[in-house]
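In what follows, a structure is listed as structure tokens, so that the remarks can point back to it.
Letters A, B and C mark the chains as written, and numbering starts fresh at 1 in each.
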């Protein structure tokens, strides 16, 4: 499928970009994509620079690739924050019900009431500049949706006979949840991850665009910001390629998520 | 119905409390040194302290009788001289991690004048002879002492013939009422509807909010209404022409629209329609004309996900059995869609719609910033960039409270529209 | 009571799903006719094609179905080739349906009265609708106050009666009942079946009864068609088919019926 191919390409680029970054960090050299060369400013696409150069003479394409790895980092780390929290609370709420459920519902209702983007910005502001603020901000707002989904699924599964059978065998709650129910709920988690990924990337684009978060690394938001004013001077290539890249990544993951949802949802197999 | 509303309101209260606690937690507990974040590093300690005082930040967090003060901040002498560097009569020794006040010295390490009405306590681990805040200290061995004094007194050191050495020194303010904490300060502020004071704009926050509401609404309300009408209409079209070319095209169009980052709409919109084609003004808030472009962009960017959602809702309904019964009765397809299906589809649609209401208030952060609409979104962004704590906290809090209220409205709408909802 | 005039004739009906390798011949050359005042039962297991056959009479089969051949002659016209507008005039007016699960077959956000009235508004505009709805409810032995009730406020049995009332609103010639009692409790089943029998005799209604329950067949049906895998394998008078089944499949069906008394 087309989107799988796209995702694969992006993933490879992300890994490549990360390797380049790490290698340069390790050897303490300035990587090629950061080297400014004012002579080469604003070059339109050519054979030397497939996507042209930006305002500081840097090659757009290699910066774009770095952007992929940054986007991936954001998507993965925020998910690593949001998913465990959401799954944990969703499971205990769905399984134990009663006061535990009341507490979890109260907790996520409170978080859900916070005005989205603003809350993330506030967290980033309070935690300080840099990636940590962004990761925490996005992670701490996304866990709510996951928690709701998982809670619903666990509640449905709890009524099923296989759970009653496990309970009759005397298995402890923890074991039942994590070894028996969780695998059945896994498809929801996978689909959610796939669909949350582009949302996290999109949010990070906003944030770095606004000047919060990564400043020295070429994240896509930053590139769009840089390219914005120059668009009016006729420099079209930087903006176009970056927005195209964002669009393709988001589209690919959205399609993949939809396809996974259709494929993995046991209910739809009728 | 009234009982239902009252019951729902009561259920709202824990969430409201939760929201207040969460904002408190975020800004006061996690926040760290808010004064430094807001004012920067170059201002005097007195200014920072004033900032704290105004916001009750120099109190204990939840409960307690002692509070820190910037007049003398905690120093870990084992790590370095800290503030004790460069005093003529006090020498720092790195090997022992102590400071020695030389004989015949009078040194006051307190950074600024203390409030005469307050009481303070020094906690000192010392060796030698001298006096601190008027209390005599003498011991040949390391001893710990607490010295209490009033803010109007001289709180410094004095030595005569002997030297006084100390290895730890802490200053705390006495908090007479242990319940007077940051939390209660915040709660009292809220009870007075005092939303704080903006450092960067030098105005009370409530005034700023009042000024910003109208511009925000003039943007978000048209976007909301037009967007709603257009997306529901298009989703009805999708449902009617289910699985035909039109439907498939609209779905692909929606997915594509959804994938385009919001920023691109704004940037491209500004570029093409304002700059290149000159149809609309680029920036500003002079007249209604200035709103056209941002409203257009707002509507189009939201279309994608809305159409998909409404379409799913419609189609889910169309697969239900009552639709087959309607057809079997001889009802025509348009009537099935617009009368039978639509009313059922309204239920999830209403939830979606009412939940969007708080966003009408917080305004579109990005649209306002880029088009220079002086609404609440614009205010928020500037507040974030200039670390204007009070403004950010106020907008977050109010946004959250509005959300809770709109949830209440959703439940009421549900009960009014869906006969299956039990009003117990 | 039967009359020698047949009101509907189905000839070699074929309804398919899917294409190519996935082609499923749900109804594969089915022919039957129903006489005036007669109750015909279509019997078979799940998947035999009986429901699809019944739905196809007015092209109500699911969207994915293709009407691949045959004719459905009703009132001198072939239903399968009629334009939509004409088909809609027949649905609900001359051929009515009642379905298996009354709880979900009604629109949950409208009152029963509204939904029954709709049938009248569509086909019998000239009538005093409110009075007619009350009369119809009375016909199925339900109090008139239920006009203002919503589907979720009523029991399965009550709803099924309402569905019958709605189906009879325009005095149709043929009532198609697609497993109308399967989702109901046993005692309620009895009541509904009795009601159908009563109405059929009272107004001379022809009924096409879809069921897998041979007990219902023996109770209600004048004639029965046994279906297997899209084809009719046996048909005839009820007594005949049940007492002396000819086809192997029919014999299997009969043998599978649990008996309260030991077989002699």
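One rule holds in what follows: a residue touches a chain if its C-beta (ideal position, glycine included) is under 8 Å from a C-beta of that chain, and two chains touch if they have at least 3 such contacts.
Just so it is clear, the structure is predicted and the values come from calculations on it, not from any experiment.
**Q** If you take the mean of the Cα atoms for each chain, which one ends up farthest from subunit A?
**A** C
**Q** Which of the two pairs, A-B or B-C, is linked by more C-beta contacts?
**A** If we tally the contacting C-beta pairs, A-B comes out ahead.
**Q** What chain lies closest to the overall centre, CA atoms only?
**A** A
**Q** With chain centres taken as the means of their Cα atoms, state the distance from subunit A to subunit C in Å.
**A** Using C-alpha averages as centres, the distance is 54 Å.
**Q** Can you check how far apart subunit A and subunit B are, centre to centre, with Cα atoms defining each centre and the answer in Å?
**A** 23
**Q** Just give me the whole-number Å value for how far the CA centre of subunit B lies from that of subunit C.
**A** Roughly 62 Å separates the two chain centres.
**Q** Multi-chain contacts only, two chains or more: what residues does subunit C have there?
**A** Where subunit C is concerned, no single residue meets two or more other chains.
**Q** In subunit B, which residues are in touch with two or more of the other chains?
**A** none
**Q** Okay, in this complex, where on subunit B does subunit C touch?
**A** Result: residues 242-243, 320-322, 324-332, 340, 343-344, 347, 417-420 of subunit B touch subunit C.
**Q** Sort out for me which residues of subunit B touch subunit A in the complex.
**A** Checking each residue of subunit B against subunit A gives 14-15, 18-19, 21-22, 26-27, 30-32, 34, 37, 255-256, 258-264, 267-268, 271, 275, 358-359, 362, 365-366, 380-381, 384-385, 387, 392-393, 395-396, 399-401, 403-404, 407.
**Q** Give the list of subunit C residues in touch with subunit B in this complex.
**A** Against subunit B, subunit C makes touches at 58, 60, 63, 88-93, 96-97, 99, 101, 104-110, 118-119, 122-123, 150, 152, 163, 166.
**Q** So in the complex, the part of subunit A that touches subunit B is made up of which residues?
**A** 106-107, 109-115, 117-119, 121-123, 125-128, 198, 202, 205-206, 209-212, 221, 224, 228, 231-232, 239, 243, 246-247, 250-251, 254-255
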